[in-house]
Amino acid sequence: MTINLTIAVVIAVLYSVGFYLLMQRSLMRILLGIVVLGHGSNLLLQIAGGPPGRAPMLTTARPEEMTDPLPQAMALTAIVITFALTTFLLALAYRSWSLLGHDEVRDDVEDRRIQRLEKRMETHEDSEADEADRDEPAEEAAR
Amino acid sequence: MMWVFAVSFALLAVAALLVLVRMLRGKTTLDRIVAVDVLVTLLVAGTCVGMGLQQDGSNIALLAAFALLAFIGSISASKLVEKKEPYR
Amino acid sequence: MVDRRPRRRRLLRRTPLVLWLTAVWVLLWGTFDVGTLFFGLVVALLVSVLFPSPMIRTGMVLRPLPGLRLVAYLAWDLVVSTLRVAWQAVRYRHAATAGIVAAHLSVDSDHLIAIIASGVTLAPGKFVLQIDRATSTCYVYALGFREGDEESVRQEMRLLERLVVDAVGSEAQRELVGRDAG
Amino acid sequence: MSWTDVFSAICLIGGALSCLFGAIGLLTFPDVTARLQAATKPQTLGLVLILIGTGVQLDLRYATGLLLVGLFQMLTSPVLSQLVGRAAYRTESVDRSTLVVDELGERIDRERDVR
Amino acid sequence: MSPTTTRPSWTSWDAPAERWLLSGFRREGQARSVLLELASRIVFPTVLVLSLYLLFAGHDRAGGGFSGGLVAGQAFLLRHLAGGRMDDSSIVSMRPPVLIGSGLTIACASAFLPLLFGGQLLETTIYKFGVPLLGEIKFVSSIVLDTGVYLLIVGVVLDLLRTLGSGIEADVEAAARGLQ
Amino acid sequence: MFGFVVAHLVVAVLLPLVARRSTRAAFMIAAIPPAAAAAWLLARTPQVLAGETVTETVSWVPLIGLDFGFRLDALALVMTILVCGLGVLVLIYADSYFARGRGDARRSAPLLLAFAGAMLGLVVADDLTTVYVFWELTTICSFLLVGQAGISRESRRSALQALMITSLGGLVMLLGFVVLGESAGTYRISELAAHPPSGTAVTVAAALILVGAFTKSAQLPFHNWLPAAMVAPTPISAYLHAASMVKAGVFLVARLGPVLGALPEWRYSTVAFGLATMLLGGWRALHEYDLKKLLAYGTVSQLGFLMVLFGAGTHDAALAGAAMLLAHGLFKATLFLVVGMIDHQAGTRDLRKLSAVGARQPWLAAVAALAAASMAGLPPMLGFLGKEAAFGAFLYGSAGIAVDVFLVIGSMLTVAYSLRMWFGAFGTKQGIAPTPVNPPEVQSLIPTALPALGGLVLGIAYPVANELADSYAQNYASIGKPAELALWHGLNVPLALSVLAVAGGVVLHRQRTPLTAWRNRLPTPLNAQRAYERITALLERVAVAVTARLQVGSLPTYLGIILVTVVVIPGSALVVQLTVPDDLRGYDNLMQLPLALGVVVAALAVLGAHRRLTAVLLVGVIGYGIGGLFIVDGAPDLALAQFLVETLTVVAFVFVLRRLPERFTEADSSKAIRAPKAIIATAAGLFVSLAAIGFSSARQAPPEASGYFITHAEKGAGATNVVNAIIVDFRAFDTVGEIAVLAVAATGVASLILASRHERRRRTQQTQQTPQPEQTRQPQQQEVRK
Amino acid sequence: MTVLVALPVLLPLAAAGLSLALGRFADLQRFLGLLVLGAIIVDAAVLLHVSDQSGPIVLQMGDWPAPFGITLIADRLSALLLVVSSVVTFAVLIYSIGQRITDYGRERSSTTFHPMYLMLCAGVSLAYLTGDLFNLFVAFEIMLSSSYVLITRRTTASRVRAGMTYTIVSLASSLLFITMIALVYASTGTVNLADLGTKVAELPHGLQVALALLVVIVFGVKAAMVPLHFWLPDSYPTAPAPVTAVFAGLLTKVGIYALIRTQTLVFSHAESWDLMLGIALITMIVGALGALAQNDLNRLLSFLLVSHIGYMLFGLGVYDVIGLTGVILYVVHHITVQATLFLVSGLITRHSGTVALTRMGGMAKATPLIAVLFALPALSLAGIPPFSGFVAKLALLQAGVGSGSVTGYAVTAGAVLTSLLSLYAMARVWTRAFWGQVKAPAPDPDPTDELVVGTASSNRPMLAATGVLVAASLVIALVAGPLGEIAGRAAGDLMHGETYRTAVLGGGSGG
């Protein structure tokens, strides 16, 4: 029941491209990455049923020449779900654009703050005791 | 009769690959829109040939739907281009 | 020209649409029996009642013979033009030239102009790039155009116009087109 | 091969060829509007031919549906052509050097001068 | 020709003279096209019929409530492209959330329905009855679920048109007016 | 016993309701449960002394051996006297100490009661888990009691320090309990004592448990939280940090002595740490000026002493330990309460500023003298009994002698700081004006005096004390003749040592000035407080450093890490297994090739696309190509859905692209990170592809489910399209779920997109609501027009 | 009888549909939500009772026998989690209504919150109840998609980034999930969990391992195990308190549940599982250290959440009855307590107008009730007896000590350390927010963010809802005995998958 090489290559390319796009900053690219990944996974799901055959319609094909219907049904569900979530993310991209004026996924502000704190701690190694109790305004000034 | 289908498929496949080249080369977005539209039409044609090959026409609605879809997708994209790019 | 006739008459005016939709239904199922026809009718009525379009009196009359002539012309044009464009593609490639010609039409109704424009556009080589609805002018883009071809393009448009009006136009429009041509 | 097979073969291969020519045109023509001619229309012919070719091969009850597909294609393809071509012209994607005559452009220029 | 001076731009020459579609008069002329509006006037109901075909034919051929709903959605999409904002039109008075909600409710209700007849959740019953003239009619109860799906999908597409379509358009206009 | 514990806690929970109205009532009500418990338990004294034990078990989570097991024996009784008896006294005292109706009083009444309940539970516990439960409860109560309202930074810090050190110990101890309980198969202490377990696990457990005991009882090096906790109000210090809570560690050692005392590691470490603590505490106490701090270090010292006695694991030491435990509780409570009264009235606890307090408050001075005498080990106090017994307990072997030497030195220090304390508090100093103080209230004097008197009474009635202590000490074997507590054993070595200790103490006290000078010249290499601060600071730094490095806040990085995990973890497992399957074919259908080529080319092209619309269209091509593959595979339903969805997706993208810039913003095109991303993505893609080959080749037969679907579709589901049958019937539930997702997504899109419309509407409403100058002027203009 | 199994899913789904349709009637929406969620509590309790007394209740959807149709199954574990979850969702709904985030101030249109919330509940219930891998995917998607909507609802400029992080990472993991399903189906030809148990065992060993690990990653992302957790502290804290509460309480636990279910039913481990134990250790420590580095209360809680996920992985890694018992107890405890803490955080934020600990102070005096509501779950989270966290932790420690492996001991020690660090973090919150002087409220980045602060004038329903959950966590501690018995039996069931398998495959639609 091994899938064939052609499809394997298609899957490899789709997943690689999808993953690569996913790791970008532009939300639109990420979104396209998700769509591409969705295509890859849907193909994989459908292909998991086995090699090509006749459509599983009792009126036109004999059971033994039919493809496996179950992965098709599952892939159909997956297609719909991917679509639904894509549109949602699209709307989110739009919302982000209209709120922030860009559609990039920038770094988390609070995490950045902790990184700055770490830098500061590194430079002032002596004043450990003071920093043990951080509820002092030094940090607030940095915000 | 088999060879007829094979030749048709081959011709359509070559055509599709040529169109794909246009798709990649652009150069304007409209070119790409047109290319996508043609690709879908070729796909419909190919599917149609396949139906002939399998002697199974129970899913023509599929083709009907495809024929419409390419149209709607392309229209919306071209409308976008029309709006986006500068007017004369 | 919005239709303001009583309800029953309006329903009557939907008949062509209903028939078309029923035909679509039947064609889709591919089974020609009473049941399919009945449900087709039900569906067609349902769709046209639930999602009505504004009633517009077009005065369209379908004349079978001129209609067939129009179809034949279009089919022939399609084949010939395809060959011509294929030739252009192989022979001239990047050097292919074109022109945009203004073709004034005699008819002044949306639907006829649309049909004419579609007819021209259907075949390769030419298409209506812009319609000036107010003056009933079609700006036709023609591929493989040479200096001085303007008149032949306009003539072709007029020919198509006459074929269309003959096939589906009202009597008044036929007269109008005939007068302009004459 | 029966006569229907021959007819079908002609239609199928003719249709496919038409599609191929269209594709070649799409690749070779100089600008969008020209490519549009090559692209969408021969496809229409090609598709219709293929539909006919296939329809002959199939049951009548299936063949009827193909008619519908053809109709749809004929109905929609001009609209798309016009919209894309219009968009091309409006966005200045038309290669002016290929235009022997541009009566639309002339008129627009004229009216702009008036204003 | 005198009318040209009153018209703002050559790009709006394409607007039809008649009101072929219910909506569309609000939209600027430059986006309009006689051809498109006329074509969608015919294509729209045709696609709806196609969608209903897919809904009912799904049991035996490719199709089903899902595809049917999507095709119907494409019909509305075409209307939107040709005629502009959906929420200005009166063709569908149903609000998309209502449509979505009722689709979902119907689907869930169809799950419970068999319980009333002593079946299990989501169990399918097949009814066959002969009707004079029409022949034997087969009714499969799962069509109720499919219908729920169909309605919901239509609602979803309409909602997308309302939001991604008209909503963004409104934003664009607002931005042009300097409100955003 | 459980009833009393619960009563404490329940009353404590309800007490704030009373305290809100009257804090006096609250303290009085709070005194009832400990009084009742004390009465009930004391009534059991004869039984207990007769060797009977009262046991009780309340099951909580039997599955994990988590029970409330209680057992009243001699040790428990001794502790109960301290916990309940002193609890009552402290509560009564507290009422007069705290300003009535103030926040501190409102807080302290319920917390003290809860604490007493927890302590009671702890001392009567016969189950390791029970011990831990109450142990941590006391920790929490002490945190809240020490911190009070946490207004001053010092109070917050001290409370936190106490909490952290004792919880550290508590948790380590819990681990020890679990190790012990799991290796012995029971958590019941009496069962463990009956059959002491052995083995490495038990040794580990013992070590872990000792950490708990040491932290709670402020042993070196964990001792520093105790002096720091002196920021607490004095009654609380008296109760928690003198009489009861700090005893918990010692108590634990005493309690587990019969279980773990056989381990040399247990004995050596308790004795060693105890001695060190005793000396260090005494030494530090000699140099404190704050009376409370002085007492606190004294407590540390005494706790070390007790640790030695209970850890030694002999009858005589245990006897001395029990006596000292009782004695220390009694005298230290008194001393703290005394200091509290001085502090309250004089407004200072600095012994350099106090003068002639004894002259003005002779009664108080007398009470304090009594307690200090017990602390110094003077006859006829209970403290004397204990200390003498202690000296006697180690008079064998060279190690014992060594211990005794240290004990004597420690006792000298004790005597010295006792003197320092008493004279510091009550003595008249030259050059210092007499401190203005008023005579104490009776309500506070009586609770203060009672424990000191108790020490005197028990010292004189030494047989009673002996009986109490001995019934605990009997748990241990004795070397030679078991010792007894008595005021007079005759002239013997212990007596001599006692005399030596007192004499040495007096000398030390007289020489305090040169001693202090000498001490100030000593280097201070070890400072536990500094160590604690360093450790917490280090913890902060590590926390911040680790978090700053890991939590980089960048989504691409996060996704990259997830992918790397996928590649590394399951990927490596897969690669090991991977072989080329025999039936690997190039393609199954020729039509797959052009479609695959198209998809691959389009996918790669997406990477290079600069325009958004181009990328979208290319993705559309991929989608249509996949649809084509579906058709080739014989999945028309799927293809149809794929096409429809793809078109709709493209349209949705196009809708949104109307407002986005035409080209991608190229903010992250730095080449340095492009390569790793590409490598990760490719590796992950290859993983999926290889997995697809590997997994699909593992299956041999077509699935039975599909055969079932095909055979049942028409009859069962009424559909000849099997896929449709699955969708609306066999797996209709998936479909219901799927449309739910669609509904959600559409709603979400609406909520996001229409938000700006809502905002606009709101903004315009706001501008309409705020009266604009023009608008207000308008009516006037209209009038003019009229 | 068996219908009861489907009700926790179908009722909220149908109600969500109705609620969407009834978008203009806010009161009806509210009523519907409370009614349905209340009904689910009752239903879940019945399911728990019955499944505990007489074995798993199995519902074969559409009357198709397993493994062909979709099976819903309520066994002890799922019923137990369902009970706890439904109590939490019910209380949080009250809180949300109290905070008036449901209808966003005075705006008329309130279509979003209630339907989405009900969907979320349906998704969670389905995830617990389904006996089918693909249906589990659907459940996850229902749950996650509604969570996307809830987290991005009325999002402001400062919060939109968080929503993106959350959505994108979740989507990525969903795609991995689908990939995993495809691989499972490709190799076994079934997606029924019970059926998979036997089919997977027939695969080559390497594939089994790879699959098991892939499953760990797929669910690990949702469960926020290190190093797949980074998204969580960046996203959860920004949502409105009740939303974060439900996310923190339930969503991660659903990941844990799925992990437990698949690893016990589908894959077989002979002994304790060192990789999982290692992950558990790292998760505990990294999370706890993260918490110590935070100044934002919600982020601190989020890191603690991550840290305590480590406890659950710990029990799973030990992989014996007592370990799984510990996990189950821990999950039950943690759902309640973590949700409560976020609700309290909402109350604190509302009161102090900030999430920054450095800007809070003196709240013990100002709002003693909030202080109590915080202290109890905080202590419970830190595993202080006699609260629920202690019981669960003790079981885990016992499991770790009993595991007999060095890794097991190391993780046990790590668990103790984590407990201490958690207590430290909580104590610091206490000392900073509740002790000290009341600080003048500083202007927050987004003071107009009504969604976070809420618009209601009275917070009584919020307090009541929080109180209910605090009480629930106390009750958990109180009935820890019987609860432990059930958890023990559930763990026994998990260790011996036969009960489940026969119930699904053998028993038809019995139950």
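Order of writing sets the chain letters: A, B, C, D, E, F and G. Residues in each chain are counted from 1.
Rule of thumb we're sticking to: contacts are C-beta pairs under 8 Å (C-beta built on N, C-alpha and C of every residue); 3 or more make two chains touch, one makes a residue touch a chain.
Quick caveat: nothing in here was measured; it's all calculated off a predicted structure.
Steps from subunit A to subunit C, taking the shortest chain of touch contacts, total 2.
Across the assembly, the mean Cα position most removed from that of subunit A is the one of C. Of all the chains, the one whose CA centre sits at the greatest distance from that of subunit G is C. Two chain pairs, C-D and A-B, are compared here, and C-D has more C-beta pairs in contact (counted per touch definition above).
Centrality by C-alpha centroid: the chain sitting nearest the overall protein C-alpha mean is G. Taking the mean of the C-alpha atoms as each chain's centre, subunit A and subunit D sit 39 Å apart.
Computed centre separation for the pair subunit C/subunit G is 62 angstrom, with centres defined by C-alpha atoms.
Mean C-alpha position of subunit B lies 24 Å from that of subunit E.
Rounded to whole angstrom units, the spacing between the C-alpha centres of subunit E and subunit F is 61.
Within subunit B, residues 9, 16, 33, 35, 56-62, 64-65, 68-69, 72, 75-76, 79, 81-83, 87 each touch two or more of the remaining chains. In subunit E, the residues that touch at least two other chains are 10-11, 14, 33, 35-36, 39, 42-43, 46, 50, 53-54, 57, 60-63, 66-67, 71, 74, 77, 97, 100-101, 103-104, 107-108, 111, 122, 124, 156, 160, 163-164, 168, 171, 180.
With touch defined as above, residues shared between interfaces to two or more other chains in subunit D number as follows: 22, 24, 36, 44, 59, 61-63, 65, 68, 72, 75-79, 82-83, 86, 89-90, 104, 107-108.
Pairs of chains that satisfy the touch definition comprise A-B, A-E, A-F, A-G, B-C, B-D, B-E, B-F, C-D, C-E, D-E, E-F, E-G, F-G.
For subunit A in complex with subunit F, the touching residues are 1-26, 28-30, 32, 35-36, 39-40, 42-44, 46-59, 63, 66-70, 72-77, 79-81, 83-88, 90-95, 97-98, 102-105, 107-112, 114-115, 117-118, 121, 128-129, 131-134.
On the side of subunit E, the complex with subunit F involves touching residues 54, 58-67, 70-71, 73-74, 77, 96-97, 100-101, 103-104, 107-108, 111, 122, 124, 126, 138, 140, 142-143, 145-146, 148-149, 152-153, 155-157, 159-160, 162-165, 167-172, 174-175, 179-180. Of all residues in subunit E, only 95, 97-98, 100-109, 111-112, 115, 119-124 touch subunit G in the complex they form.
Residues 1, 3, 15, 18, 22, 27, 30, 34, 37-38, 41-42, 44-45, 47-49, 70-71, 74, 77-78, 81-82, 84-85, 88-89, 92, 95-96, 99-100, 105-106, 108-111, 113-114, 117, 134-135, 137, 139-140 of subunit A are the ones that touch subunit G when the two sit in their complex. Those residues of subunit C that touch subunit D in the shared complex are 24, 26-28, 30-32, 78-79, 81-82, 85-86, 88-90, 93-102, 117-130, 139, 141, 143, 145-147, 149-150.
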